[in-house]
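Here chain A shows up in two complexes: once beside chain B, once beside chain C.
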Partner chain A sequence: MSGNRSRFDKLGVVIAAIAASGVFFAPFATFRANRIVPGEGRTILEALPLWAAATLLLVLALATMVALLRFPLSWRLGASIAALAALMLLIGLAANHLTPPENTYARVAPASGFWLLNFAFALLAADSLTRLRLGPMARIAVLALAALAVTAILYSGSWNGLSILKEYANRADSFWAEAAKHVTLALGSLAAAVVAGIPLGILCHRVPTLRDGVLNVLNIIQTIPSIALFGILIAPLGWIAVHVPGAAEIGIRGIGTAPAFVALFLYSLLPVVANTVVGLAGVPPAANDAARGVGMTARQRLFSIEFPLAFPVILTGIRIVLVQNIGLATIAALIGGGGFGVFVFQGIGQTAMDLVLLGAVPTVALAFAAAVILDAATEMTALNGGQAA
Partner chain B sequence: MIEIENITKRYGEVEVVSDVSFVVQPRTITVIVGTSGSGKTTLLRMINRLVEPTSGVIKLDGRDNRAVPAYELRRHIGYAIQGHGLFPHRTVAQNIATVPVLLGWEKDRIDARVNELLSLFQLDPATFGPRYPHELSGGQQQRVGVARALAAEPNVLLMDEPFGALDPVIRAKAQEDLLAIQKRFGTTIILVTHDMEEAIHLGNRIAVMDEGRLIQYATPAEILAKPATPFVETLIGTGDRPFRLLSLNEIREAVEPGTAEGEALPASATQRDALAELLWSGREALPVEADGKPIGRVTVEGLIRRAARPA
Partner chain C sequence: MRLSLPVLARLFVLALLVVFLVRPDWFEPVLKPLTQNNAPAIYNQGSLLMLTLEHLRIVFIATLAATLVALALAILVTRPAGAEFLPLSRSLVNVGQTFPPVAVLALAVPAIGFGEKPTLIALFLYGLLPIFENALTGLTNLPSAVVEAARGVGMNERQRLLKVELPLALPVILAGIRLSVVISLATATIGSTVAAKTLGEVIIAGLISNNLAFVLQGGLIVGALAVLIYDGLSAVERMLARRMGQAGK
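The block that comes next holds the complex of A and B.
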């Protein structure tokens, strides 16, 4: 990989182009006199004290050079981490530098240049990590380290000057309550879908006449837009709340958490059921025949042969559902279901983009972490099974 | 003893096995031969009830095979199939231990049996036991498949085209291994194949099937000498017939008094091998030895006489 230094790395060219446009043609930070007026862009040189701006530009230039030329993978990974760390630490400094002393109305937010630079070097980091072919445990460890680094910066208070954390400071209590609701909605509906979907998938596999019907119905549900599905559920759930004794007491109502939970559950069913069916169908026929031939009962065959062999595929379905649910749960806020969507929709209502970000950024981070963890888990179960056969 | 009595299997209107009856003697190898669609695999699968017959009875040592639940029956009948059917998520040792585990054997007894079988099939237990099936070669996978079928010491072993996926060299080796193992354990083996050569080589008796019917059930020599129908004759292949006949017997039986020049052949080699050697080296006679001592010679003339159609 380091053999031919005269040629440029292809991805490095793209990264350099993105980084250059982030430095020269886009503002690094946005300054606003208060939280709803339009902002004005500030370049790196305007947003930071001279020494910091110089340091940042130097780090970025060096990292871009490493990306552009064919340096060893460990260098590329190191350069991307250095660039990302510099960006993370200095955006906090920019906030303090741009905000006039004693002014609590002014807002400083990262601007497009900051995001472009982050994207460029995140790309470099992701590419290096992929090419290092890390095992599943190592990938989870990298994720944990990244999470730890962000937590450390948050605790240090160096980002407290940023607009998104000022919004957080005003809503610290409700933020964690909505976070808990969001996770409960996403994970709870997933758990319900797994409990209902896997047996349904097994049934569809065993009774072929059932399969097409069930999968078609679930497919149709999947195509209903989420807001429409929430709307459709209001009437039946409202009716149940009124007419079924005890239903209202356990929280079933036309609006609120119940319809959000039911809708997410319904969306989750298709990937779980479909992947269970596909996974079971993918069990080698010879293994199945041998399992019957050596005298396994239907139940032994299901639990010790079919299910373990289908499990990596089922886990892929669960990964799709979890990532999808974490995103979709945002919309639950529209019908009073809570979650990070509350901040997104409040923010849109007040034209306060920082508030929108307070809802959006944790949602994206959660979905990303869920994807990494479940991909690693899928790989581990597949490795263990020696699926290459 | 396995008694197959008037077995018929229908799928809707189609009769895939029609009124088949024959008796398999204990401690022998019986080969069911036929083209694809002849019903041979269906017949085999009715013995361990992977397929239930439409009518007729199959008795194992005098007991109707429907006397116990199907899964119970299958645990006491070995079953090996083409493409081995190993469980890809279990190690070689776990695969072989499948039936003993189902039968609730003690762990020590299972481990001992797994090691015994692996050694028997020339696979080092410490090296191969912990491996997964996809880490083995085709021939090794096939051996593990047979080892799994034999794990619980069954009296009867059913094999459905067990060597079908192997290349000719490994296939010949696997056939020799099977004969050795049958001798050692005295297992009654019923093997399905479409290859008449394999049937003649392995079988004490051969059952020829065509379109669901049993056409002929006889020893290999009888099948070669008196094929019951033109179909059986086609299966044997008229061009190879004399050589197949010679392949059934050892040189020992063709030895004539006298001596000959050249390297001696062992008395246990087949007459076909002897003729091939004679023709290839352009000689009239070869010395034969048993236990390292010369016992006479074989001649081209003598072998040719033996290759003629028996009266």
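The block that comes next holds the complex of A and C.
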């Protein structure tokens, strides 16, 4: 590399461009007279009281400077957090500022400028965090801190003027009921897939003739689009509910949670089984030979050598499944299975985008958190396995 | 080409699919038992063939755009000029994959309205990730001896990229495109919830009117398309890999 690097950080230039377009060319907040009419954009200066607008612009300008010039990583991280925090706190203020007093129909939502600014500084934060090479525990701690900050803002009530929280206020009870259903669907089907998939994977590893057949069938299941698989399962489960004694009592029905659960279970099997097979195949033959040499039985080898060594790969499969299930569980709403999809599809039906957001934002947040936690867990088990070997 | 059993099975599926799309009424007796109250057994609110072609068109456009953009980005971040973006792009790919397709679709609607456009955008964004990830893997895991040799015979950066790096990474990139196509084929059905003309229309019509025959035919057409396209692209990959293996000798 040559010594004369440009004075500006390249990523900083990109961030500055995105942030500038967010400030100058896009509205900060949208104001609507009621929840379904088209909105009118408001810039930062229009949406906030003067002192707040000035503070926000100053913080954003300083953070952009830090991104643009080659500051140390910790500065860049600090600047991105400061900018994101200012945006988060002030969007709530904008809602209160823009809503006329005593008006319960008006809706204020974050607009494209707000999202662009968030994207710009989230990029900066992501880049700094990646370059800091945080360990698995530190990453979980950052996630927990971010979750805590959002919870604190939610509890403080400063976002209550925002349209998405007005939708929430109208549906607080059903929101938590659907949230519980969503998590139960995603985690329950994962648990079932792990219980069934790992033994199946071990069997496939031991009996190679079985392997191709099983993996082919599971592959074909993956190609059936989710809404069709959910629908196809309605018939057999409805039949079971009517004809098998006791099935209806434990909640098996043609529509609702049961077909959604079975569909998610079927989708989950492939990553679990395939990763178990790959993990076991990757166990070094030397480790197995050594274990055989000291007189371990096949069963002992499986539990104390093969399985621990294959575990990080299996965990990667579980991560894929969990993130995928959290997303797919939204489709369950189409067949009456509940979950956050209820709000997404209701919102699409009523063209009420705040309602769509009420379903989509928690889904994305859950999937993101699951990915961070399981990535960290995979890394920790891989490290432990490495030390043990 | 030898006609082994799996090849025969695929040709049979293809033939069945074509016949079903051109003459769906021939299959009415098979699907009739799945309906209730004398409901129609074959989708009757539009031509299945047209919907299938429309479905394939949307997937093709989205995948083509995703391939071009993902490849350009992957090439950029693996050049010295773009190396600063490499760590960030890795974590962005990781984060991007946590966005559920339904959420992407639903969030695209407020920005651009209902219809085909939000579906195209969702498919494009969702298709970017596997292609970008694989292109990155392919371009960063090249055998260093080959790259050194290319440099040694005096190739400039552009020649190395076009004649050595991209051809070597091609099988891995193709695998990414194949994954992306299969995901898009299934995700496009969800596009019908925001009024895009895809095979999802058939499935949703079935869900709404409680007509299992509709759900089944929509699902099976998409499934058959996915299996056939997946296998077709796998065959192309194997052919390329073989040719490259011979060229290497």
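Please note the rule applied: the second predicted complex is superposed on the first by the 380 of 389 C-alpha atoms of A that agree within 3 Å, B and C clash if a C-alpha of one lies under 4 Å from a C-alpha of the other, contacts with A are read in each partner's own complex, and residues count from 1 in each chain.
Please note the rule applied: contacts are C-beta pairs under 8 Å (C-beta built on N, C-alpha and C of every residue); 3 or more make two chains touch, one makes a residue touch a chain.
Values in this document were obtained by computation on a predicted structure and should not be read as measured data.
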Three-chain arrangement built on chain A, chain B and chain C clash or fit: fit
If touched residues of chain A are counted for chain B and for chain C, the larger one: C
Touching partner for A:Leu309 - first (chain B), second (chain C), both, neither: first
Superposed arrangement, angle subtended at the Cα centre of chain A by chain B and chain C, nearest 10 degrees: 80
Touched partner set for A:Gln300, first chain B, second chain C, both or neither: first
Touched partner set for A:Gly279, first chain B, second chain C, both or neither: neither
First, second, both or neither for A:Gly347, with chain B first and chain C second: second
Touching partner for A:Gly339 - first (chain B), second (chain C), both, neither: neither
Which superposed partner A:Ala290 touches (first chain B, second chain C, both, neither): first
Which of chain B and chain C A:Gly201 touches, first, second, both or neither: neither
Shortest span in Å between Cα atoms of chain B and of chain C, once chain A is used as the common reference: 23
Touching both chain B and chain C, residues of chain A: none
Chain B-facing residues of chain A, complex: 284, 286-287, 289-297, 300, 305, 308-309, 384-389
Of chain B, residues touching chain A in the complex: 48, 50, 71-76, 79, 81-89, 98-99, 102, 132-135, 145, 148-149, 158
Residues on chain C engaged by chain A in the complex (per definition of touch): 34, 80, 82, 84-85, 87-88, 90-92, 94-95, 97-103, 106-107, 109-111, 182, 185-187, 189-190, 193-194, 199-200, 203-204, 206-207, 212, 215-216, 218-220, 222-223, 226-227, 230
List of chain A residues in touch with chain C within their complex: 1, 9-11, 112, 123, 126-127, 129-131, 220, 222-229, 231-232, 234-235, 323, 326-328, 330-331, 334-335, 341, 344-345, 347-348, 353, 356-357, 359-360, 363-364, 367-368, 370-371, 375
